[in-house]
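Two complexes come next, and they have one chain in common, chain A, joined by chain B in the first and chain C in the second.
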Partner chain A sequence: MRESRERNSRLASRSVQAVFLIVLVVLWYLATTRWGVSSILLPNPVLVVQQLWDILKSGEFLGDLRVTLTELGIAFAISATTGVTIGYLISRSHYRIRVFEPLFAGIYSVPIILFLPLYVLFFGLGPASKIALGATISFFPITLNTIAGFGYVDRILVVAARSMGASDVQLFRYVLLPAALPIILTGMRMGFTVALLSIIGSETIASLAGLGHRIVHLAEGMEMPRMFAYIAFVVVIALILNTIVSALEARGKRHV
Partner chain B sequence: MTAAEITLRSWVRRAWVARIGVVILLFILWEVAARWWVDPMFLSPPSRVLMSLQAVFDTRGVPAALRITFWELGVAFAMSVVIGLVVGLAVGLQPFAQKSFMPIILLLYGTPQVTILPLFILYFGIGPASKIAFGVSHGIFPIILTIVAGVQNIKPILLTSARSMGASRWQVLRHVIFPHMIPSFFAGMRLGMTGVLLGVLLAELYVSTAGIGYFTTLFTQNFDPTRLFGLIAVLAAMAIVLNEIVRRAEAHFSRWHTD
Partner chain C sequence: MTGETAIRIKNVSHHFGEESDARHVLALRDTSLDIARGELLCLIGPSGCGKSTLLNVIGGLLAPTTGTVEVFGKKVAGPMPRDIAFVFQENALFPWNTVFENVNLGMVFQGVPRAEREARARRSLEAVGLKDFAQHYPGQLSGGMRQRAALARALSLETGILLMDEPFGALDEQTRMILGEDLSVLLSRTDKTIVFVTHSLGEATFLADRVAVFSARPGTIKQIIPVDEPHPRNPDFVTSEKFTAIRNQLYGLLHDEIRKTMAETGVPAGAEHAP
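Here is the complex of A and B:
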């Protein structure tokens, strides 16, 4: 009885979602065909889908996608290695945690996107400035979570392992790492998400190539249907990447 | 060991003293690097940046630009809080609405909004309106999510007991739900402020005719790192102050229940 009611309510909320999305698309369609909304402000959805299909079929997105993903990969590799290393070194003493953690947390609360003009000045318009910005922004959540992960392991566990004669390596492998890894992985996911956002953002603001650059290029050329298609493409890519990273995080947590 | 050494050691052992020491060390490193190693076209020593702050403020249009940016931040934040609160309550208080609309809200929150920044410029122009709108689009979602979570976290027993003692709908809202939402409301405000800062600054940097984005571009293109650093330092200070105000408010207003 109760189960069927729950199933009904889930069905009802699913249908509300579906209706909501359908109404949105229909309104969009009517606005462009019937109510005379300028096609520069809002292109016809049918045209957008055609353009999206054309982009996917012709494979012209590959170049920009490669640029953005390379930047993201390098930035994340830099911030993950430096973040975890520095975080681990800091977490080894209470004194260092108290010195450095508030410092990093303070810098983290500044919107680091502000430094983009500086990075462009240092590293130029090419991929280097995006990599540097992405690495800087994702460094902080990874470092802070590594500090939190390694720094606040229950002392009783450490003492118990030591008193049973665990070596340094064993202590690290069987006590510290399992305790810290879930928190570090969460930090890495957060770092990955903000790195992706900041890289696309800085491509939008000042760049020579990449997905963000392509969208701006189309916007400036007033090629609205194609621009909408690219926006949809980038949103889907971002959702896919974030889903993959969340899945990896969950997997990593299970395997400790 | 002399007495002076011992006092020095006990001072360094205090974390905040050491922290300030680290910051000063970084500034010295920066100063040395900028004076002797790096091309002055790109990096400017902190002492010169500090001295140039006056020149930054004297640059024609910079005070007005700061005022405009500050105003954009304020309006965007106020709008995010109001809209976020209304939507959050509407969605959170109604289990069915929550089940239906939360996935949509989460989906929107998860999409990278920078991709539609050019659209905001197209719809709202290159003036302050587009910055405010973009700031709202970044600030509103964390507020909605924390409000919904706050409404959800109220213990059902409190609601049941209030109702069983004959509280009307309004009384439940006023005396049970609102007080319990205060911590999550302020947590949401803090996250919302972070989002608004990000959104407004992104839009400013993307295109700007009178705000600070105009001047960061100007200083970058003129290879004038001294004034660029100065302006960025002022903005960073502004962001820190705004964040700190919201954080203090959160700590202050969520003191009453700490369970």
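Here is the complex of A and C:
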């Protein structure tokens, strides 16, 4: 009974969201066909869809997609391993938590993308600077959540395990890890999202390849319908990636 | 009671913090006590009198500042999972494990061979009346059922000694009474030695073979009151004159100590659950 009501309300909010998006596209269409908005600023959505179809059919996007996804994958692998390791090491002492948690939280609130010129100087215009920037930015939420996960495990659970004779390894495997994992997974999801944002963002600023690079390239060539098509493509890719990561997060939480 | 000593507490004191520290607290003062095998001893006293501290010292979770504790002739220097099991006040179950997994995990920690675990887990869950809830998670159970599960976990360890730190402290009065009755029945079938910390005079009187009454902080045992009544005790015992007399005696002993504690801290006994 309650479940079906929940399902109904979810369905209702989904339809409101769909209607909202449809209205947005209709307004877009009217703006370009009836209200005389310049096609240089806003191309006709029909043209955009044609361009998108062309991009998908020709497979032209594959090279840039591969570059961006590779950068993202490497950056996230670096930040996840270093973030979880360093976070765990910090969480093992109250002193280290007191020193590093506010420090990292402070750095996390700085817009690190400001350092992109520096990264480009150090690592060049190629993928290396994107990887380094993405890894740096996503390191902080992952580390902070790992500290929170391991550092604030309910003490009574640790005492109970010890009283029953748990070894250090057992304590980690059966108490600390399951207690911390949901929080760490949330940190990883947040880290993944900011890595994606910062990598595509930095590609639009200074790069040789990648989806962000492609969009700016088209903008400079005034190929507006195709640029919009690429933007739509990136939005869909980002949605798919975030959905996958959220699903993995939920799955990981269910199994602890 | 067989007369054999299970737990020997000799001149145990404990203070928290360094002597020079402003927050230095003498929690337990020169306490000595022998607890016989098979005995159920209740520790009762005002808040902060050191009864939970003493329990943790017995269990090896706290090292005493001075004095020693021996369990079955062995000096306690840390947790002794083969001899001592704990039931804590609340929420010491692992929330990500089912009731069955919680019980099983305790035995994994203790080192019970895999082949024995399942049968022992089933037995102890049945003993506390939770066999139909083995696959539930702690969050799906009431407070009383969670404490039954915690008790099952402790029973499955088959230790000679059970230390219970206000295990029913967070439960309502009715649930508490039922659990107390069940505990009395359950324990009459074993020869476990039990030390049970409580705030409740009725609970102490109902369960204990002896009640050790603590003085206000810095606490030590002020007096020991025997309750000479065989286990299992049935609900009629609560309405007997003997029960009332012992309960009143305990109240008389505690009354002054609680006044002392209140004058000192402004907090009535029972309002805080400091360990």
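Methods note: the second predicted complex is superposed on the first by the 233 of 256 C-alpha atoms of A that agree within 3 Å, B and C clash if a C-alpha of one lies under 4 Å from a C-alpha of the other, contacts with A are read in each partner's own complex, and residues count from 1 in each chain.
As a working rule, contacts are C-beta pairs under 8 Å (C-beta built on N, C-alpha and C of every residue); 3 or more make two chains touch, one makes a residue touch a chain.
Since this is a predicted model, take the numbers as computed values, not measurements.
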{"item": "Which superposed partner A:V175 touches (first chain B, second chain C, both, neither)", "value": "second"}
{"item": "Which superposed partner A:I156 touches (first chain B, second chain C, both, neither)", "value": "second"}
{"item": "First, second, both or neither for A:M164, with chain B first and chain C second", "value": "second"}
{"item": "Comparing the two partners chain B and chain C, which touches a greater set of residues in chain A", "value": "B"}
{"item": "Partner chain(s) touched by A:L197 [first = chain B, second = chain C, both, neither]", "value": "first"}
{"item": "Contacts of A:G63 with chain B and chain C, given as first, second, both or neither", "value": "neither"}
{"item": "Which superposed partner A:F100 touches (first chain B, second chain C, both, neither)", "value": "first"}
{"item": "Touching partner for A:G124 - first (chain B), second (chain C), both, neither", "value": "neither"}
{"item": "Of chain C, residues touching chain A in the complex", "value": "59-61, 79, 81-82, 84-86, 88, 91-92, 94, 96-97, 105-106, 108-111, 157"}
{"item": "Chain B residues within the chain A interface of the complex", "value": "13, 15, 18-19, 22-23, 42-43, 96, 99-101, 103-104, 107, 110-112, 114-119, 121-123, 194, 197-198, 201-202, 205-206, 216-217, 219-220, 223, 225, 228-229, 232, 235-236, 239-240, 243"}
{"item": "Contact set on chain A toward chain C in their complex", "value": "154, 156-157, 159-167, 170, 174-175, 178-179, 256"}
{"item": "Partner chain B, residues of chain A touching it in the complex", "value": "9-10, 12-13, 16-17, 20, 40-41, 95, 98-100, 102-103, 106, 109-111, 113-118, 120-122, 196-197, 200-201, 204-205, 211-212, 215-216, 219, 227, 231, 234-235, 238-239, 242"}
